[in-house]
Structures are given as C-alpha cells and as structure tokens.
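Here come two complexes built around subunit A, the first alongside subunit B, the second alongside subunit C.
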Partner chain A sequence: MSHLPVVILVVYLAAALGLIPLSKLKRFSPGWGALAVTSLALLLAIVSALFVGANGPYSLFPGGHAGQGIEIAVDWVAVLMHLTINLVGLLILVFSQGDLESELKRSYLPIYYAVYLLALFALNGLIMAGDLFNLYIFTEICSIAAIALVAIKPGKQCLQAGLKYMFLSALASGMILLGIGLVYMVAGELNIRALAEAIPQAFQTCPWNVYVAVSLIIVGFGIKSALFPLHLWLPDAHASAATPSSAIHSGLIIKMYIIAVARIIFQAFGPNLFGSIPAPKVILLLSTIGIFAGSVLALVQTDLKRMLAYSTVAQISYIIMGFALAVPAGIRGGLLHIVNHGLTKSMLFLTAGAIIYKTGIRRIEELRGIGFRMPLTTSIFSIGALSLIGFPGFSGFVSKYYLAFGALEAGKPIYVAVILASSLLNAVYYLPIVIRAFLGHKTGKFTWDQLPWPMTAAMTVLAAFNLYIGILPGGLLGLVKLAAAALLP
Partner chain B sequence: MKGFSNYLPVLVVCFPIFAALLLFLIQHFAAKLRDLAAQVIAGITLALVASMYPFIKSLGTIGISFSRIMPPFGISFRADLLSFILALIAAAVWLLATIYSKEYMAHEGRQNRYYPFLLLSLGGCLGVFLTGDLFSLFVFFELMSLTAYVLIVHEESPFAMAAGYKYLILTIIGGLALFFGIAIAFAAAGNVQIAPGNYLFTQINSLSFIAFIAFLVGFGIKMGIFPLHVWLPDAHPVAPSPASALLSGIMLKTGAYGLIRVVYNVYGPSLIAQAGWDKILLALAGITIFLGSAVAIAQTDIKRRLAYSSIGQMGYVLLGLALLNVNGLTGTIFHIFSHGLMKSTLFLSAGAMIYKTGKRQISEFAGIGYKMPITMGCFTLAALAMIGIPPLNGFISKLILSMGALDAGKPGFVFLLVLSSLMNGIYYLPIIINAFLGVEKEKRVWAKPFTELKWSMWAPIVLLALGCLIFGLFPLNYPLDWAKAAANLLLGVSK
Partner chain C sequence: MMRKVVSLLAVALIGAVLIVALAKMPEFGGGTAFASLFLFLLGLYVMLTDSNLIKKVIGLNIMDTGIFLFFIALGYRSSTRGAAYMPSPLIFGGLAAVVSFTAIGLAMIVRLYKYYGTIDAEEIMRKRGEDE
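== the complex of A and B ==
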C-alpha cells in the first residue's frame, strides 16, 4: 500500500508514453484512454490518502539511503495536493472530451493527451519530492509539458506565447539549478531533511551562498508561478491556449511550483532563516503589488480569457502572500486558496471555453444577454465570480478568511485591508459581466445551453465542489490543518 | 436547550429561503398560482415568527447553533425580545407588500424574477434579526443585500442599472468592512457570539477602534448614515414601490439592528462610553438628521423625497442608540418599529399614485386626494405621524428619544429633534395640501381618467396606516412594552 503514490507516477508515465502508439489502433480513443488513466490515478490518490490517514505520513527512499539521498515524501501536503491535482485534472479532461476537437486538429489529439498526462505525472511527482534533485527534475518535466500544452494549438499567437513562456521558463530553470548548486556547494546535501540539519552550520560559514541561493530559488520559482512582476508570460499563454490547457495552467500548474518552493523554504532552510533575511518583506510587498496590479489589469481587459488570466495573477499573489506571512493560519489560507482557486479558476476557464465553443464570443462587451442563451454556463460562471469576490457560502470566502486570520496572527492587519480591497476590485471586474449577462437589456426567453454532456458535467461538478466547500469546509479544513503543520510545525 | 422551540428561529429563516427556491419551479405552471403562493409563503412566515412569542416570553432566548456549517465560526440562530420585535414587523410589512405587489407588479412585469427574490430577501432579512453570532448575521446580511439588488434594478432602465451598480459596490464595501471587523473580533475573542455579557472587546486599543469603525462603516452604509448614504436616494426610489417600501421600511433597519448589537453586545455600553466613541455616533446622528431632512425639502420627485426622509429618520435611530441609556434605546427600538409602519405606508401610497397616474413629480399630484381618498388619507396619516403629531406613533418615539437625550444631559439633541420635526412638516405638509387643496374643483382634469385602487392594493396600505394610529393611541401598546423590556435587557438593567 505504501507504494501507491509511486504507482500513480508509473501509471501516468506509462500512459503518456503509450498513448501515442496506442492511438494508431482504430478503435482506441486517446481522450477516453487518458480519462481512464486519470480516473485510476484519482482512485489511487484517494486510497493513498486513506492509507496515510490510517498510518500517518511516511517517506520512501528509492536509493536505499534513508534520510540521505532521493526521497519521496508522502506527507499531508502531498496527500492534499494529490487529491486536488487528480480531481481537477480529471474534470478538465472530462470537459476536453467535448471541447478539444473544436480547438485542435484531430491528428494532434493523441499528442495533446500524452502531454497532458505527462504534465499530471510531473505535478504528482513534484509535490512529493523530498530532495532537491527530484524536485528539479519534476519541475523541468512539468515546465516542458506546460509549454507544449500552450504551443500545441495552431496559430501564430499560441506559438508566440509558447516561445515567450519557454524563454522565461528556461531562465527560471537556470536560476533554480544555480541556486540548488550553491546550496549543495555549502551544505553538501540535496535531501531536504538532511539540508535542514546542514544549513544552519553552512549559514555560519558562508552566509552569502545561502542568501544568493534562496534568492535565486525564489526568483526562479517566482517566474514559473507568475509572481508579480515576473508574470509577463502568463496572460499571453493562458489567454491564447486551448481551454483545457488554460484551465490546467491557471488551476494547477503554477500553484504546484509554490508548493515546491514552500517545501524548500520552510522544510530545508527553515522559517527562522527565512524570517531573518528581508525575503518575506519583499515577497509580501510584491504580492501586494501583484494583487492590485493583477486586478487593475484584469479590469481593463476586453477579452474574457485574458481577464481571467490577469485575475490569476492577482489570485496567485494571495496564495504567495499567505505563505510569506509564515504563520500557521497564513499557510492554511495559502493551501486552502490553492485548492479553492484551483477548483474555481479552472471552472471559470471552462465556462469561458464553453461560451467560446457555443457562440464564438471572446469579447466581454459581446456577452450581453448571454445568461439567456446559456443559463447553466452563466450561472456557473456567476458562482465562480462570487467565489473569487469572496461572498460567504462560496469556496473563495473560506480561503479569504483564513488569509485574513493569517495577517492578523502575523500582526500585520494592513494585509487584511489589502485582501479586502482586492475583493472589491474583483467585484468590479467580475460582477458587471454577471449583471450584463442577465440584466439591463430587453429580456429574451431562456433557452437551454445545449452543450455536449461532458462539458456540462465537468462544469457542474466543479460548481458543486465550490458550493460544498463554501458551506461545509470542515473536511478540507482538517486536511489543510495537517498539511500546514507539515510545512510549518 | 434541546426542545422544539429552539428550532423555530431556524425554521423562520429557512422557510422563506427554501420556499423561494420552490417558487422558481411553481411559477412555470401558472402566474396566478405564483402570486398566490408568494402571499401564502409570506403569510406562513409571519405566522411562524408570531409563534415564537410564547417561547421567548417564557424562556427569554431560544436558538441553536450548527458548528459544522462554515467552521470555524459556525452558523447559529437565536431569538430574544429585540430580535422578535424586528422580525415581527419585518414579516408583517413583507406580507402586506406581497399582497400589494399582485396588482402593482402586473403593471411592471417580470414577476417570475421578482417574487422569488422578494422572498429570498425576506429570508435574508429575518436571518439578520434571528442569528446568534456576528458571522451568521453577516452571512444573511450579504444574502439580503445581494437579493435586494435584483429588486432595485427591476426596471432595468439605464438609470436603474446605474443606481443598482452604485448600491452593489457600496454594499460590497460594507460587507468587506463588516468582515474585517468580524475577523478582528474573532482573532481577539476567539468567538463572535452575540450573548448578554459576552463582550468581544474588553480593551480600548487601535485594533478595537479599527474594528469599531469597520462595523460602523459596514452597518452605516446599509443604514444610510451620512456620509455613507450616497447610494440610498438613487436606489430606493428606482425600485418598484413595494420593494421601495421594504428597502426603506425594513431593510435599512438591519443596519440599525447590527449597530445596536455592536454597541450593546460586542463592545458593551460602558466600554463605548469610556472610549468616547459614542460621540462619533452622536455627531454622525446629528448631521444625518439635519442633512436628511434638509435635502428632502429640495426634492421634487415624491419617492426621492421619501428616500431622503428615511435618511433623516435613521439619524433618529442612530441618535437613540448612541445615547447609551434606557430611554434612548427604547426610543430607538420603538422608532425602528414605527418608522417601518410609517415609511412603508408612505411608499406604498406614493407607489399607488404613481401606478395610477404615471407621474412622479409632487406638483403633478394636485387634487389627487379627491380621486384617491383612501390612499391619500393613509398617506396623510402616515405623514402626520412622521412629523410627530400626537397621538400617532411617531410622536411617541420622538418623545421617548427626547427623554433619552435629556437623561443623557444633551438637551441640544431635543432641539435638533424639534427642528427636524419642523422640517418634516415643511416637506410633508405641501404634498398633503397640494393633494386636497391645490386646485379648484373645475380644474382637476387628468389626462387619463382613473379611480381609487382595487381593495387588494388599498387594504395593505390601510392596515399599515391603522398601525400608525393604533400603536400611538392605544393605552395597551405591546410594541412599546417590548421595546422597553428589550432595552432593559440590552443595558443589563433589571426591573
């Protein structure tokens, strides 16, 4: 049973490699094949979560050197993120059964699904990497798959966005690798547990090495997770990519890098060292600017998907802020928002995709009266909007109040004000869309959405999760509490 | 505390909300059934509210909490005497407005959207009055505010949309401010229960002051206190008249109720007095009373004049609760009750005149008193109550408020109350004079002939107007007794 998390990785990798040759078979549909694999992975993740629930967190050491070399850490962070990744990944995949054929050439579909599975493989691996070597490998695989997911859609725009993304991502990878190298130079270890013991001493002898390493790692992952002002690649990539790609990018990929960097900072370097350098202050400042800049830029967008992309820049800053507060409630808020924003933003991207699929409308202005043509999709969009604004009863509210507690616990009530001000900005750019969809013009008759059922099903399930977490977050909160304790004891 | 009676507040709040969702389905079958169903639902809600009385009388407080919903706060329901008075007046006015809506909304259309949102906002409003902690109060406050938006923009004209948007943004600011305050309270005290003696703040420091201001902003926006009133004169008149009556008559009061709870349950009157924050409230109350009344005089649109009048009246309410004594608080509670009756009478009768004539300017209603004697009679009665002519209910609340001001040693406010009554006279009496005496008999020509309302429209107005008379005139005045008892309870004075 304890090898289940590894089985997830093996299943994904084998499926990603096998999907393209298999799709040569006449009766094999790559989409449904990928779906089957992801369902299996979700099932495994659930069983693995139950196993950890019964026996407690544990680690695997494939190299055989316990506590020294390669480590697969199956702790509560990994459990929480496994569930999130595989659930959201599965639902996006369900949606893409209806949507993807309208966006991609038929011959690209097997490749797309293979890359998609590869991305899920890397994400699943990344969040349980217990050593910097593995962590870097999975980061790289994930980045390459992510770029491919953007660039695969035909058209100059996507290619351009993909290239921009690739250059910046490669730069970031270089920085991370350099940072890891510097750490290894002074500490002589790559395992996170071993580093936690070695770094304080290394910090005594070569403080600058550690400073520079921390900075490089933070900036590198900052680029990958679009921390303002390193977000430049994101709006292009998220807006131009195919809908399922946008959803998995905004919903999952960029957040898992935050988990990776949080592991390095809190578990390897330790919160004390992190607190003793100006990094938290700088990150808090940047995330504050990011929250406002992202929201203001979202406000001026005319393209629906671009607006959602800029909204992600703002929302990711919330998450980063929660972690940078470096108090338990803040980290809980950050983790909660990873889950909630993962569910919400992927849902919003899917609804935007559904609207484009049905009507071809991308411009926000033209969405007038869309509520009468696609009532279900627009209602689900409204749920997502209210959730991100933080109305009580929706999932976004839960993470918002934990972030607020985090700011109060850290003795920085000013950040509560920042969170609230940004909620207002969210309202200013989300609500007019909802209002114009239903009100303010001659009302027509409601006609049903008439989308392919996989699209409807995926969006509805995400909306149901959103409301469920909004009203009864007890179970998720329990899990998040354990995960936060694993990061910051 | 496991008896059935403890579930009554839950039932009162949830019934209209779930029934409203049911109404979405019912209305697919028949329009007639929909109108009737909405009235029946409002009626049952009123009956449920009334059925809480014997339990509150014998037990003092009833309620229950559900800690599993939205942890770590949980959702809790609680009803004491203060909650009961407000829930009762809310449910009663809502029922009458729903009955009135049948005819009125036939003319406005889009009832399929109107009725469910009307009932949802009733549920939200009752939720505000009947919850046992600040967080649940906030949740229902948001529900009410959001659903009221749909009522405000009902007409969907560009002006209505603009007014609605202003309302929405200010409401969200208010909600966020409330949330800020609640988060600070929770961080300080570890709970946000509303219970006698459970003061969440026990120290005067910058954080508790920030929270106080946050609560003031959050509830003040809803209440229309100067300078947070900017949305009110646009939003209240633009809604359909029954909704205006509810917005001005009842929903404003949720803000006042919240402030009462903040001052008397969250901080405690002694802390507020010690910190001197009551002076902030008093200053705002003074400005609001004066400004609301003064600006009302300048209005020519009848519904706008009524809306500004509401602002002035909410100044009275704020004044009473800031005086921190029994008479002041009794006056506040009784004024919330009486203003609910008076202002809904005024809005419903003004709505009836607009419904019949299609006009909104006060000067255009010359001589309408002869065409619509019942409506205009009720309007007159309620307007006189507003001015504070004895023996109507408005007189009693002003009298008690004045006594409260004298008890607090602030005779200046008595002068302000008298001045404001005078100003009320200046802007209400011309409407009445104009309606009955404005033109000679021969010149009373109307472009479109019309007659008095159908009974289903005048009956609610008459009932409300009678309320203004009865609760001023009769020696056995239950609401006044309840208001006194509730004030004593809040101030911790045992009689």
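== the complex of A and C ==
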C-alpha cells in the first residue's frame, strides 16, 4: 500500500510511452485510453490519501539509505496536491474528448494525449520530491511537456509563444541547476531533510553562497510560475494554446512549481533563514505589484482568453503572497488558493473554449447576449467569475479570507487592504462580462447550449466542486491545515 | 543597441554577484569554476541579445555547458570529502533537459521558418506586425 504514489507515476509513464504505438490499432481511441489511465490514477490517489489518513505521512527511500539520497515524501502536501492534480487533470481530459478534434489535426491527437499524460506524470512526481535531484528532474520533464502542449497547436502564434516560453523556461532551468549546485557546494547534500540540518552551519561559513543560491532558485521558479515581472511568456502561451492546454497550464502546472519552491525554502532552508534575508520583502512587493498589474492588464484586454491569462498573473500573485508571508495562516491561504484557483481557472478556460467551439467568438465585446445562446456555459462562467472576485459563498472567498487572516497574523495589515482593493478590481473586469452576457441586447431567441456531452459534463462537475467548496469548505480546510503544518510546522 | 547595453549590464551584475559569492568561500581557488562561470555568462548574454534564433539556442547550450563544467569543478573539490557521487546524476539530468529543450526549440524554429522564411527574431516581429 505504501508504494501507491509510485504506482501512480509508473502508470502515467507507461501509458504516456504506450499510447502512441497503441493508437496504431484500429479500435483504440487514444483519448478514451488516456481518460481510463487518469481515472485509475485518481482512484489510486484517493486510496493513497485514505492510507495516509489512517497511517500518517511517510517517506520512501528508493536508494536504500533512510534519511539521505533520493526521497519520495508522501506527506499531506503531496496528498492534497495529488487529489487536485488528478481530479482537475481528469476533468480537463473529459472536456478535451469533445473539443480537441476541432483544434488539432487528427494525426496529432495521440501525441497530444501522450504529452498530456507526461505532464501529469511530472506534476505528480514534482509535488512529492523529497530531494533536489528528483525535484529538478520532474521540473524539467514538466517544463518540456508544457512547452509541447503549447506548441502542438498549428499556427504562427502558438509557435512564437512556445519559442518564447522555451527560451525563458530553459533560462530558468539553468538558474535552478546553478542554484542547486551552489547549495550542494556548501552543504554537500541534496536530500531536503539532510539539507535542513546542514544549511545553518553552511550559512555560518559562507552566507553569500546561500544568498545567491536562494535568489537563483527563487528567480528560476519565479520565471516558471510567472511571478510578476517574469510573467512575460504567460499571456501569449495561455491565450494561444489549445483550450485543454490553457486549462492545465493555468490550473495546475504553474502552481506546482510554487509547491516545489516552497518545499525548498521552508523545509530545506527553513523559515528562519528565509525571514532573515530580504527575499520575502521583495517577493511580497512584487506579488502586490503583480496583483494590481495583472488585474489592470486584464481590464484592457479585448480577447477573452488573453484576459483570463492576465487574470492568472494576478491570481498566482495571491498564492505567492500567501507563501511569502511565511505564517501558518498565509500558507493555508496559499494552498487553498492553489486548489480553488486550480478548479476555477481551469473551469473558466474550459467555458471560454466552449464559447469559441460553439460560436467562434473570442472578443469580449461580442459576448453581448451570449447568455441566451449558451445559458449553461455562461452560468458556469459566472460562478467562476464570482469565485475569483471573492464573493462570499464561492470558493475564492474562502482562500482570500485565509490570505487576509495570514496578513494579519504576520502583522502586515496593509496586505488586507491589497486583497480588498484587488477584489474590487477583479469585479471591474469580470462582472461587466457577466452582466452583458445576460442583460445585453437580446440577439436571436433563447436556445440551450447544444455542446458535446463530455464538454458539458466536465464544466458542470468543475462548477459543482466550486460551489461545494464555497458552501462547505470544512473538509478541504482540514486537509489544508495538515498540509500547511507539513510545510511550516 | 539599448537592449544590448541593458543585457550586458544585467549579465555583468549577475557575474559580479556570483564571483563575490564564490570568492568569499574558504579554500576556493578553482580556476575551472571561474572559467565555467564565464561560459555561463557568455551563453546568457548571447541568448538575451542575439536576434538569430539558432544562435540563441547555441547560447542556451553554452550557458548550460558552463553550469555542467561548474559542477565538475565542484566534484573535484568535494571528492576529498567523499561526496562526489551526487553531481554526476544531476549533470545527466541536466544534459537530458538541455538536449530536450534544444530539440523542441529547433523543431519550433524549423516550423517558424516555414511560416516566415527567416530565423531572425526581429524580422519575424516585423512581419508579424505587418500581418496585424
């Protein structure tokens, strides 16, 4: 039973490698094959979560030496993120059964699904990496799969966005590797537990080395997870990619890098060291600028998917702010927002994709009256919009509440004002779309959505989870409290 | 021109910080490590400033080679402490990553060339501006 998390990885990797040869068979549909694998992984993740619930968190050491070398850490963070990744990944995959054939060449479909499974494989591995070597490898696999997911859609825009993403991502990888090298140079360890013991002494002898390593790692992961001035690749990539790619990018990939860097900072370097250097102040400042700049840039966009992409820049800054506050409530807020925003933003991208699929409309102005042509999709979009605004009773409210609580706990009430003011800004760019969609000029008569059933099903289930978390957040909160305690005891 | 100056300043700043950090380490006298950092900075500069996409990819490779060489320099140092086994798997991982980035990047450049008939980033931006 304790090897279940590894079984998830093996299943994903085997499926990703086997999908392309298998798709040569006449009766084999790669989409439904990928769906079956992801469902199995979700089932395994649930069983693994129940196992951890009964027996407590544990670690696996494939190298054979407990406490050093390669470590697979199955703690509460890993459990929470496993459930999120596999659930959201599954629902996006359900949606793509209806949507993807309209966006990609038919011959690319098996490759797309294989790369998608590879991305899920890397995400599942990344969040339970207990040593810097594993963490680096999974980061790389995830980055390369992410680039492929953007660049696979035909068209100049996707290629340019993919190329920009590739250069920045490769630069970030280089920085992370150099940072890991500098840490290894002074501490002589790569295992996170062993590092936690070795780093305080190394910091005494050569503090500069540790400073540079921390900054390289933070900047590297900052590029990959789109911390504000380093977000340049994100809007192009997220706006031009195929709908399921945008959804998994915005919903899962960029956030799991934050979990990775949080593991390095809090578990290896320790919150004391992190608090004693200027890094948290700089990150807090940047994330505040990011929240406002992302919202303002989203406000001036005319393209729906581009607006959602800039909104992601703002929302990811909330998560980074929660972690940078470095107090338990802030980390709870950050983790909650990872889950909530993962569910919400992937849902919003899927609704945008459904609107493009049905009507071909990308411009926000033309969405006037869309509520009469696609009532269900527009309602689901409204749920997502209200959630991101932080309207009470929706999931975004819960995470923003905890973030505000974290700001108070850290003794920085200014950030409560930041959260309130930015929620107002979010309302300024989300609400007009909803209002115009339902109350704008009535064009034509009322019809139901008439979408393929997988698309409707995926969006409805995501919306149901959003409403559930908004109304009854108790179960998720319990899990998040345990996970936050694993990061910051 | 402006971009080159800014990039040069940024690279020089990163280099100065790295050298200060390394020079303050006790018993650090490895010329190899400094040479590898020079390669890293050179690659970074080429990647940031050159408008030829293939040259950008070459810059990326030089940058990462610098990092690998840096690890090798460290491995030599730390072999006296009996902990030299870890850098080699990390370099293998890094090599695989760079090869994959290079492969996927070159594939995208080939397809961009089919669309625009050039591999110059500035030219592509200009042609894209004309399209819109």
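Everything that follows uses one rule, which is that the second predicted complex is superposed on the first by the 484 of 489 C-alpha atoms of A that agree within 3 Å, B and C clash if a C-alpha of one lies under 4 Å from a C-alpha of the other, contacts with A are read in each partner's own complex, and residues count from 1 in each chain.
Everything below uses one rule, namely that contacts are C-beta pairs under 8 Å (C-beta built on N, C-alpha and C of every residue); 3 or more make two chains touch, one makes a residue touch a chain.
The structure presented is a predicted model; accordingly, all values stated were derived computationally and were not measured.
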May I ask you to decide whether A:417 touches subunit B, subunit C, both, or neither, giving the answer as first, second, both or neither? first
After the superposition on A, what does A:174 contact: first (subunit B), second (subunit C), both or neither? second
Once chain A of both complexes is superposed, is A:151 in touch with subunit B (first), subunit C (second), both, or neither? second
Regarding the shared-chain residue A:428, is it in contact with subunit B (first), subunit C (second), both, or neither? first
Give one of first, second, both or neither to describe whether A:185 is in contact with subunit B, with subunit C, with both, or with none. second
Using the touch rule from the top, collect the residues of subunit A that touch subunit B in their complex. 389-393, 398, 401, 404-405, 408-409, 413, 416-417, 420-421, 423-424, 427-428, 431-432, 435, 439-441, 443, 470-474, 477
Listed in rising order, subunit A residues that touch subunit C in their complex are 133, 136-137, 140, 143-144, 147-148, 151, 156, 159-160, 162-163, 166-167, 169-171, 173-174, 177-178, 180-182, 184-186, 188-190, 205-206, 208-209, 211-212
List of subunit C residues in touch with subunit A within their complex: 17-18, 20-22, 24-26, 40, 44, 47, 53, 56, 60, 63-64, 67, 70-71, 74, 77-78, 81, 83, 86-87, 89-90, 93-94, 96-98, 100-101, 104-105, 108-109, 111-112, 115-116, 124, 128
Subunit A-touching residues of subunit B, taken from the complex the two chains share: 68-72, 110, 138-139, 142-143, 146, 150, 153, 156, 158, 161, 164-165, 168-169, 172-173, 175-177, 179-180, 183-184, 186-187, 207, 210
